[in-house]
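There are two complexes below, and they share chain A, which is joined by chain B in the first and by chain C in the second.
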Partner chain A sequence: MTSLTVIRRRAGRWALNGAAGLALAYILLPLIFVVWLAFFRQEIPSFPPEGYSLKWFAAILDQRKFVDGFSLSFRVGVLATAIGLALGVPAALCLVRYNFKGRGPLANLLLLPVVVPGVVLGTAMYVFHVEAENALDVDVLGTFYALVAGHIVIVIPWVVRLVTASLVGVDRAIEEAAQNLGANAWVTFWRITLPSIRPGIVAGALFGFVTSFGNLEMSLFLVGAGRTTLPIVILQYLEWKIDPTIAAVSVIQILLIAIAMLVTDRYVKLSRVV
Partner chain B sequence: MSATAVATGPVVEKRRGEGLTATALLAPATIFVAICLLAPLAYLFRYSLNDFVATKKMMVEAVTIANYVKFFTDPYYTAILGTTVRIAVMVTAACLVLGFPLAYVMARTQSRFKNVLIILTVLPLFVGNAVRSAGWMVIFGNKGFFNASLQGLGLIEKPIEIMYTEKAVIIGIIAVNLPFMVLTLQSVIESIDRAVEEAAFSLGAPPLTMFRRVLWPLAMPGILAGTILCFILAMNAYATPFLLGGPLFKMMAPLVYNQFTQQANWPFGGAIAFILMSVTLGLTLIANLIFQRKAAR
Partner chain C sequence: MARLEIQNLVKRYGDFHAVRDVSLSIADGEFLVLLGPSGCGKTTTLRMVAGFIEPTAGHVLLGGQDVTQLPPWKRNAGMVFQSYALFPHLTVAQNVAFGLEMRKIPRADIGKRVEEVLALVRLDGYGGRLPRQLSGGQQQRVALARALAIRPDVLLLDEPLSNLDAKLRQEVRVEIRELQRQLGLTTVMVTHDQEEALTMADRLVVMSEGEVRQVGSQRDLYERPANRFVAGFVGRSTFLDGTIGTPGHFRTSGGLELKCTGDKTGPAVLSLRPERVEIGLVPLEGLDNRLSGTVEFVSYLGSLIDIHVRLSPADRLVVQIANREGGFSPDVGQPVHVGWPLSAGQVFTT
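Coming up: the complex of A and B.
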């Protein structure tokens, strides 16, 4: 190889890495500026900053709506993820292990909620809740459980998808061996199947929870008076103004999600599930 | 999305009682999704065929396509649909161009920081569109980083208006959708054998030729999947146009929201929601057909 081709190839490699770095910087740029703003001393986001301060993190606690929003989003996320797992894991087991008519359409039905736009999901559920309220004569619209039900719908596709992916790699022979040795169906599931699909369950739970926690479009239609999730609180605040307080709220959210992802990454390589 | 993975799973021969177990496993989730998703969609569609009396702000039961006709005959609404499609196409093209190099590097790197790269790409997805819009507001505001830097360098005298323009919306949605494109492309490029590229190189192909003749065709399924995903997301964008576009800038998803909450016109809002879904799916199908015809040639 002549030295010219070596130089050319090296230049090409640098150009490629540079282009990749540019794209990554583009993705991260808004987050970097939000984090930067959270530490400004002055309230207005003007550059260069007059100085730095941590006071905005304390200011979050003075605003009940952030604390309440966080608390509601967390409770909805946990409950929706738990129920989503209870519904989604058996469904994934069935879709992989049994062959029956209509398996493809049913699988698509369970994956459908991620494809339907958030605004359409929200409006449809809103209309449905109004109808249910009229028909059943009980409060539905804007209640905690109606909100959770909506969130379960968007958690299920993640659980089904990720558990299915991890089940396909499990050798059926091990389960049959357990049953030949006298284990019943329940023991086989508990001792053999469950441990081998644990990565899929962990990943499904993480992605489900984070999807629920961050959901904005659908939740906009489902929240009631005095009951608002964190993303909606953030949206409504930003519509009015941008200041270091909202940036500090975002920093805490970014930190929590980063920690959750690092923990999950220990159980299951993220590169294999996304 | 991974319906194919479901369909190709290992299949076991039927035994007695299996039908019952299978039903017990699958039924709860199916019934739940049917009640909480399919039924609401059916109701929304039914509502979109109802009448609306604007003077009384009241919905009247009817079976009429008036709402759909109203949308397509009023230039105000068709212009919003046009803007949405135009922005979605631009965003998707930009994401493909920007995303490919990053996806390639992520797929081929041997570095132990590969996981860090992936986490850095996935993290913004979960932070929420509103927070990321806030970042762009800090950058593009009148006293923001972009204008303050240019003024500091003496390049401009008055701040450039970027916030509350189409430019800001496009820049914002690209950043939102780029990770989806990168992750989709990355997984496909990873499955392409490195040796194929090496073969092209050792036969004397320059990098660009290798890309055009080898990598691009082999990565086509991923390119198509990423493009479709990116397009759908851009068509349905809500928070970014709402925050970065300002009150006068209109795209389809904020329009649906506005019809429901501000105008209380549920039939028309429902009709717009279904038009948005149908146009998105329709354009996706057309793109798919064009691609398949090209591939068959």
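Coming up: the complex of A and C.
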């Protein structure tokens, strides 16, 4: 009887590990191929590779649109994340700390942008910008700030969600303790509450930035002439040719995000927040 | 340290009265314990003193100054929280120093004061640790040190021992009490644990349903409970329901005729402490009330034995005896005699 139980338990573990391995391979395989492809020598991707080269990485720098796109995506991402934090952290505080009418719907509304398809969001944003331009009589559509404004909307859900998760785990009594010891509401927030929810803030900022940096669908509606984000540059390039330059760009993108995650993980255990 | 005055404090949440008209006066250096079941308003009262809850009506005076309208950070009250509420991202020393920094005390003095206070709670050398690296008992002492560091006018303890295991709790009780005496701290503690309350307090306040039921010493509460609630909550009592027809004559609902004290009449309960009732196999001499009954249930508690005696179909009495060598040892179903002097019974009209 015991041996049968052992065998069964072992079989169960094998099945579980197998399934997990398969899922992991499914996720990782395309990434591995992209990275591999970036180092192929020949222009047309075909197997087996004729040889290996770093020339595609050098090719990126020769094309201004990649450099410009990267720079724009980076600036938009940083600004949208900063503003998203300034709006999302107080919003999360209100949602967790205060019980008010319409709290549930408001929480859902703030999380909605991750659920709504990017195309829908982009269209809505586009129409809104056109209307705003007409009403205000200033340039809105296709400007840098309009693009940032759009990205703030997709950053906020991450900030709200992760900061909320962090806040729920904070003992309210520590804030009372701070006030009891002489800290006013403002000092309490800066010295006690904020450090306690730092993991959520860091993780929210990271995921918000990554989301903004990689966003394609919504950005398609918001970019202006001569002002395209990196994902759009990649898409446009792919319409003309398929050579390993794109793979090289992707490798750099993957590397940057991986480094950001690893650095963040040193300060905040991401597995604990997400 | 200062005296604390609570005047006609009321807290209402909609129709719910959390605290109804509580007035207390705590002398300089006194250890007062608010005791009661959960939801009795004791914690709400404490939190109103600390300033976390705004009273619906009434006043809190600290050292003669009305602090009712002051926010928590402007009251010099040190509080120890049930969860300790240590700042998890700060070291022990930084936790203790926090209140001193808020008071803009020079850095050099802060370091000295932190060391003094940590030594006071026997945590010297632990200043560099983080709270999560400490045991529950040590965390509790840090919380105490943090509250003491600011030299508060009053020390507020909110169930400070409830998260410690039973053995440690007994030690910490004595420690806190000795520290409080040594420093002459005006202290208010909230607890639902009556043993804790009885061992630590100078004076106790029994609360239920938002009201003060009785204020007094341990002896007052035990020997002269003011009402049925206190008689049942502090220590144990057996209650016999009945009526008093003429003063001094109590008739139980089971029809037993008993003698009682007092000059009240009408429906009442007779309250008896289990250890004040005598029990034996032969009729007991020289007692005002003498009855016979049958042993219905026995709990053996080691040093004590509880004997439940059926006196009539409607009346049952608990008698507690010391477990002595060769002493009375009852069996279920055994006929016994019980009795008590007039002074052992207490009557509350209902």
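FYI, the second predicted complex is superposed on the first by the 259 of 274 C-alpha atoms of A that agree within 3 Å, B and C clash if a C-alpha of one lies under 4 Å from a C-alpha of the other, contacts with A are read in each partner's own complex, and residues count from 1 in each chain.
Definition applied: a contact is a pair of C-beta atoms (placed from the backbone, for glycine too) under 8 Å apart; a residue touches a chain by one contact, two chains touch by 3 or more.
The structure displayed is predicted, hence computed values, not measured ones.
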Open item on the list: Following the superposition defined at the top, how do chain B and chain C come out on chain A, clash or fit?
Closed with: fit
TODO: Would you sort A:Ala203 into first (chain B), second (chain C), both or neither based on which partner it touches?
DONE: neither
Open item on the list: After the superposition on A, what does A:Gly214 contact: first (chain B), second (chain C), both or neither?
Closed with: first
Open item on the list: With both complexes superposed on chain A, which partner does A:Leu37 reach: first (chain B), second (chain C), both or neither?
Closed with: first
Open item on the list: By the touch definition at the top of the document, which applies to A:Val155: first (chain B), second (chain C), both, or neither?
Closed with: neither
TODO: Kindly classify A:Phe128 by the partners it touches after superposition: chain B alone (first), chain C alone (second), both, or neither?
DONE: first
Open item on the list: Looking only at contacts as defined up top, I'd like to know whether chain B or chain C touches more of chain A.
Closed with: B
TODO: Could you grab the smallest C-alpha gap between chain B and chain C in the overlay, to the nearest Å?
DONE: 6
- [ ] List the residues of chain A that touch chain B in one complex and chain C in the other.
- [x] none
Task: Complex interface listing, chain C residues touching chain A - done: 50-52, 71-74, 77-79, 81-83, 85-89, 98-99, 102-103, 146-147, 150
Open item on the list: Applying the document's contact rule, which stretches of chain B touch chain A when the two form their complex?
Closed with: 1-3, 5-12, 14, 18-19, 21-22, 24-26, 28-30, 32-34, 36-41, 43-44, 47, 98-99, 101-102, 104-106, 114-115, 117-124, 126-139, 141, 143-145, 148-149, 152, 172, 174-175, 178-179, 182-183, 187, 207, 232, 235-236, 238-239, 242-243, 253, 256-257, 260, 266, 269-270, 273-274, 276-277, 280
- [ ] Please give the residue numbers of chain A that touch chain B in the complex, ascending.
- [x] 9, 12, 16-17, 19-20, 22-24, 26-34, 36-37, 44-48, 86-88, 90-91, 93-100, 103-104, 106-121, 123-128, 131, 149-150, 152-153, 156, 160-161, 164-165, 167-168, 172, 185, 210, 214, 216-217, 220-221, 231, 234-235, 238-239, 242, 246-247, 250, 253-254, 257-258, 261-262, 265, 269-271, 274
Task: Contact set on chain A toward chain C in their complex - done: 171, 173-174, 176-184, 187, 191-192, 195-196, 198
